[in-house]
Amino acid sequence: MLQKKQCVAMLLAGGQGSRLGILTRHTAKPAIPFGGKYRIIDFPVSNCTNSGIDVVGVLTQYRPLELNAYIGSGTPWDLDKNTGGIFVLPPYSTGKDGEWYKGTANSIYQNMTFIDQYNPDYVLVLSGDHIYKMDYSEMLAYHIEQEATATIAVRQVPWEETHRFGIMNTDANGVITEFEEKPANAKSNNASMGVYVFTWEKLRSHLIADENDPNSNNDFGRNIIPNMLSQNEKLVAYTFDGYWMDVGTIDSLWEANMDLLKDPPPINLHDRKWRIYARNVGRPPGYVGEKAKISNSLVAEGSDVNGVVENSVLSGGVVVEEGAEIYDSVLMPGAKVCSGAVLNRAIVGENSVIEADAVIGEKDAEIAVIGNNTVIPQGHKVAPGVQEGK
Amino acid sequence: MKKNLAGLIYTGEKTDRLRELTVMRSLAALPVLGRYRLIDFLLSNMVNSGIKNVGIILQSNYNSLLDQIGSGREWDLHGKRSGMTLLPPFATTDSSNSYAGLLDALKSNMNFLRRNEERYIAVSESSFLYSLHYEDMLKFHLDNNADITLAYTKDRDARRHGSGRYLGLDDAGVVTHIEVDPSLPRYGNTYIGVFLMRRELLIDMVDRATSQGLHHFTREMLVKSLAQGYTKIMGYELDSKPFYIDTVEAYYKANMAALEPEIRKSFFTPERPVWTKLRDEMPTQYSGESKVNNSLVADGCIIEGEVEDSVIFRGVTVREGAKIKGCIVMQDSIIAKGAQIENCILDKQTTVRENAKLSATPGYPFVIPKNLTI
Amino acid sequence: MLQKKQCVAMLLAGGQGSRLGILTRHTAKPAIPFGGKYRIIDFPVSNCTNSGIDVVGVLTQYRPLELNAYIGSGTPWDLDKNTGGIFVLPPYSTGKDGEWYKGTANSIYQNMTFIDQYNPDYVLVLSGDHIYKMDYSEMLAYHIEQEATATIAVRQVPWEETHRFGIMNTDANGVITEFEEKPANAKSNNASMGVYVFTWEKLRSHLIADENDPNSNNDFGRNIIPNMLSQNEKLVAYTFDGYWMDVGTIDSLWEANMDLLKDPPPINLHDRKWRIYARNVGRPPGYVGEKAKISNSLVAEGSDVNGVVENSVLSGGVVVEEGAEIYDSVLMPGAKVCSGAVLNRAIVGENSVIEADAVIGEKDAEIAVIGNNTVIPQGHKVAPGVQEGK
Amino acid sequence: MKKNLAGLIYTGEKTDRLRELTVMRSLAALPVLGRYRLIDFLLSNMVNSGIKNVGIILQSNYNSLLDQIGSGREWDLHGKRSGMTLLPPFATTDSSNSYAGLLDALKSNMNFLRRNEERYIAVSESSFLYSLHYEDMLKFHLDNNADITLAYTKDRDARRHGSGRYLGLDDAGVVTHIEVDPSLPRYGNTYIGVFLMRRELLIDMVDRATSQGLHHFTREMLVKSLAQGYTKIMGYELDSKPFYIDTVEAYYKANMAALEPEIRKSFFTPERPVWTKLRDEMPTQYSGESKVNNSLVADGCIIEGEVEDSVIFRGVTVREGAKIKGCIVMQDSIIAKGAQIENCILDKQTTVRENAKLSATPGYPFVIPKNLTI
């Protein structure tokens, strides 16, 4: 009924993301602020827009309201079209009762009808917790050229880190011969990025087979990919050598923010030809006060900075009073730091207030995290590695 | 909840005294306050007051205005029941393609006025940068049983000798006199070119005025109405400071005023965001050597040098060792290493070469036209 | 965080709608085509738009895909705004597991966070299976004037039908004193239309109390309204005297379509000031052929009519071949009736084909229903009252 | 998937021979085929071929065009990466505000050409109503290693004596001659005013041509390129019948042709919908007494009388006893009881009074101008 699409994207927005602790207590992971004016989901979705993919399904069953509100009509990413768009897809009922998503593969299985509406040749499967700029259309072209069943994006990781990743062993032609999940002794350092292109017809039958297997975890990495390999489907690796960062933990979230402060930053967000789009909230330009001292930092619009800010990322609407000091920290939208407060290696959630003379974190120590909508009282101290807040 | 107030913005002002700034753009398209154009404020005032239907009378030089407002999407002014109507001058092969003034423009856009369903209409010229809650003005209009309500300010800076329109008011706020361009204004109440009235009444008055051969809205039509005594005209005082943008110096002052917290607050409240065309810029990068004080800085800038008492628009680059003081730097301009500029207005996409020095006085700032390299 | 709204609308899109039989086997009830170019949901949603209500939540857990695709970015109803919009709200998980909607009240309860985002003074609760044009802003004004906790729209039904409705008994001032669900001996003929305005603060606390009551069915009619009455909240009736039709059964769906053919029709869809909006599918003008005989019918764009059409509603893209005869029937989008086929009192689902010489239904008999995407073979006969198809 | 083709539509055609139909509107804004304007086809051709970026060169009389295309939303041409750019004539106080022709218009809109990112550009004039798959034309262009590809038709009706542009082609489809407005065309291949080429090449050619003082795109620039022999110009034959809308009679014929199934099919395929401005009309109501044969009828009409061999636009009312034959009736017109009209073109919102009779011949149909009551 709808217009045919060559390729439809399905974004696995994931579950609670417990490794991000307090930050995801009331928020789905993809909706977490990043880099001063983005949310994590802006990266894969903008990549889709820039790659010419105009149908994006967002699979989630965890607190979709904020994601729903953030995504809205899809306008910020040019996804508010008659012939395409972005759709939040929670589980649903087809008769008396419904079923929650059992795994990544099951979430796609449950939305086969959604995909079939567009009669696509290919489906792009993405994750909702990675920061990177990637032209999926090139990967798709490679997939088509290789006549593969699945193409898996990989990047080379340091050999000493291979045990943390899904490793793809390939032959000389880039055809995947083996997939090892977090191997102790890796044979290759090609780690999966969680970005897949599938030929829809093939994936579709594999999803149905997987659903009928009562022993399956209904997971892409653990079931679908190994099954495809064992059935001699052609799976190829597509090497990506740009910046890519999994921001699924507090440390990596902080680190990825800090990466933006490097000179030059490993990921260029100034690129006019590959914009990362974000929802606009209509904030005025930032104001930098008489006594402000900002150095090596990113500061977004709507901020009002009057204190010392070093090596930090300040989001929209952040207020820093005179006499406050912020080092190596990430302040999410609307956070306020009062006079005399000192932050070191801290992440401060949305709309939280650090009252006067409070001390958050320490130099060269673990990251301290303040949740959203939290008030840290005057003079209070939050130790490194501690998470405090609502 | 249901709309009873429509909006109309007139952008046909003469702009000679803004020199290079308005050679290629209308006054309403003038970039202001770091990331806006003047029209953004005029439109956002209306939208934030619940107005869902706005006409924009275009005159000439409106390419940049069209580019800015696009489909009206940023102001939620796209759609079927709500929306933005662009009203370009109606050009047939034999017509002169330009309005003689507001009255002429209203006359030419009778269709827009007639087609609307709203009972009231607020009309704004674009010579002032101001913040106004139209819902309050409408309430005032209704509470006072007015036929016409004119918005004015008592602000002294808005009062200019030799230009402007001034209102004489009685104690009840009723307009008793209207002065147009007096060499010495008798009254301290400056009309800011914004009025509100019943839509049908406006249609009637414009019809009658033009059939009587009148040409000027304020000077002739309003003054005449007042003289005839049938029309109750009220003055509605603005509760914040408006800025009359009639000269380069006034333009400069208005931007600089936004560095004061009170003025900034009057323009920007979180509940009434000022919408503008998006550029999807990243946050501004401040290098280790940057030094910025008392300045507005929009997104997408790279600041490596020193910036003081300035307004920096989106996408501006200030290289190492460059010093900027008292300047308005419009979008995508580049200040190269070691350059020093003081009290200048740099239009869009200007480039200041390495070590170049430019200095003017705040009372007579230099204007560097768009796209120039100096 | 979002802009405050005076009133937010919540549309109960309902469950499977089993009384519509085969028509809802693959489609949620609100997505059923009506009147040649609309779907049922177009009526309450257009009413919202026309009443100046610009936030609409659509509560559903049954096959939301088609609804989602139909609603899309909300553009057809002017609901694709920064500061508002239309959102499909299925159940979701807040932690490990989620909960399906237990009843109408529970579905609102589960979406309190959604409503709270807009900090509204009032909430308008609507149903997704009624055909009517109503200015909710007038009802809201009445609610505010009455300082009521709840305002319930009622219309006067014939006394002999009162046993089929929820009946509101009121005092002389229109204050509701008693609510009777389908009473055998009604004291009044004011039947509830399933349109409520609530003061949000009050409804909110009633929803929480209701959720904590393990014996509740979590239903507006059975629990919330009676509880409010028993706690002496002020509930008022708001009388609506325009056209209103519940299209929850095959008969009423057919009847409401036939109402559009009356002269004058009891509901005016020509009204420029109160348009019923619908998603546009870009069809060309209808073509009426040399041999066509159309009388007393509605025919939408994209149709190609060459046969006899009497007292019928033909939707977009319907094809009627020369020699086909259609009487007192409703043809949904894309249906095709081949030469020699005869339809009487039939409803034909989307994209179904009635092949040559088939006979569907009979004059003065029960409605025959053909499902969506169904082919009725050549010469086949479908008896009155029968439902056939996928 | 990623866009490599941009579109540009020129709407500055001279339209004298369309008489009353184009007095107040440009050719591109002409209502056609029951619910469209000509521009809808030009735009939809592009959008359905995957073009996401279209510029529209406006000339004069473009109010109705602006009104029709709005924000480009109906064609999915609103947005950031994709979109529609309105290119009004650039009016400064001293310029003449009108283009001498396509070449002049291209020169004036160099910014649009330069700003795009697409490698190729398709340019369409608006004198033909046609259906074209640009993705096929681009493939043809690439397969043939062409510098420029011109779309043409062999259709005999499109060939007119004394006007039009004709292509001489060799067996390989290479353009060998271009004739402009010959009194007797030598070639049977009529150029339909649509070409495709590399965007950079177009920029170069326009730059060179204007610096050499050339004024006409086809007559001078293309002919000269051909003569110099450096440029490979290919002819791409349209696979459906196009309609040259240069006179009232041609306009009438094109509309009537759509009553033929084959022609209708060539314009309307479900996979390539023709988008237009929405009116949200209800389906058309046929009364018990109506009699309609061989006609196109859009939504929102009330048909109580007889309609034969006609094209009826949205919102038309035909009262009891009225008879319409061989007519084009534009939107919101009313044909009162007992009126009889034959072979007429009724512009928008015309009213035919009770029992009025109007009859012309198909070869010279009457035009009733907009808003008239007869």
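The first chain written gets the first letter, and so on, giving A, B, C and D; residue counts start at 1 in each chain.
Rule of thumb we're sticking to: a residue touches a chain if its C-beta (ideal position, glycine included) is under 8 Å from a C-beta of that chain, and two chains touch if they have at least 3 such contacts.
Source: prediction; values computed, not measured.
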Pair of chains joined by more contacts [C-beta pairs], C-D or A-D: C-D
Most widely separated chain from chain D, with each centre as the mean of CA atoms: A
Rounded Å distance between chain A and chain D, as computed from the means of their C-alpha atoms: 46
Computed distance of Cα centres, chain D from chain C, in Å: 41
Junction residues of chain C, two or more chains touched: 75, 80-82, 275, 277, 280
Chain B: positions in contact with at least two other chains: 73-74, 78, 80, 275, 278, 280
Chain C residues within the chain B interface of the complex: 3-4, 6-7, 49-53, 75, 78, 80-84, 137, 140, 273, 275, 277
Sites on chain C touched by chain A in the complex: 2, 15-16, 60-65, 68-69, 72-75, 79-82, 85, 87-98, 100, 111, 113-114, 117, 280
Residues of chain A that touch chain B when the two form their complex: 35-37, 75-76, 263, 269-270, 275-278, 280-301, 309, 313-315, 317
Touch list for chain D against partner chain C, complex: 33-35, 73-74, 259, 264, 267-268, 270, 273-276, 278, 280-300, 302, 307, 311-313
Contacting residues of chain B [partner chain C, same complex]: 1-3, 74, 76, 78-82, 117, 271, 275
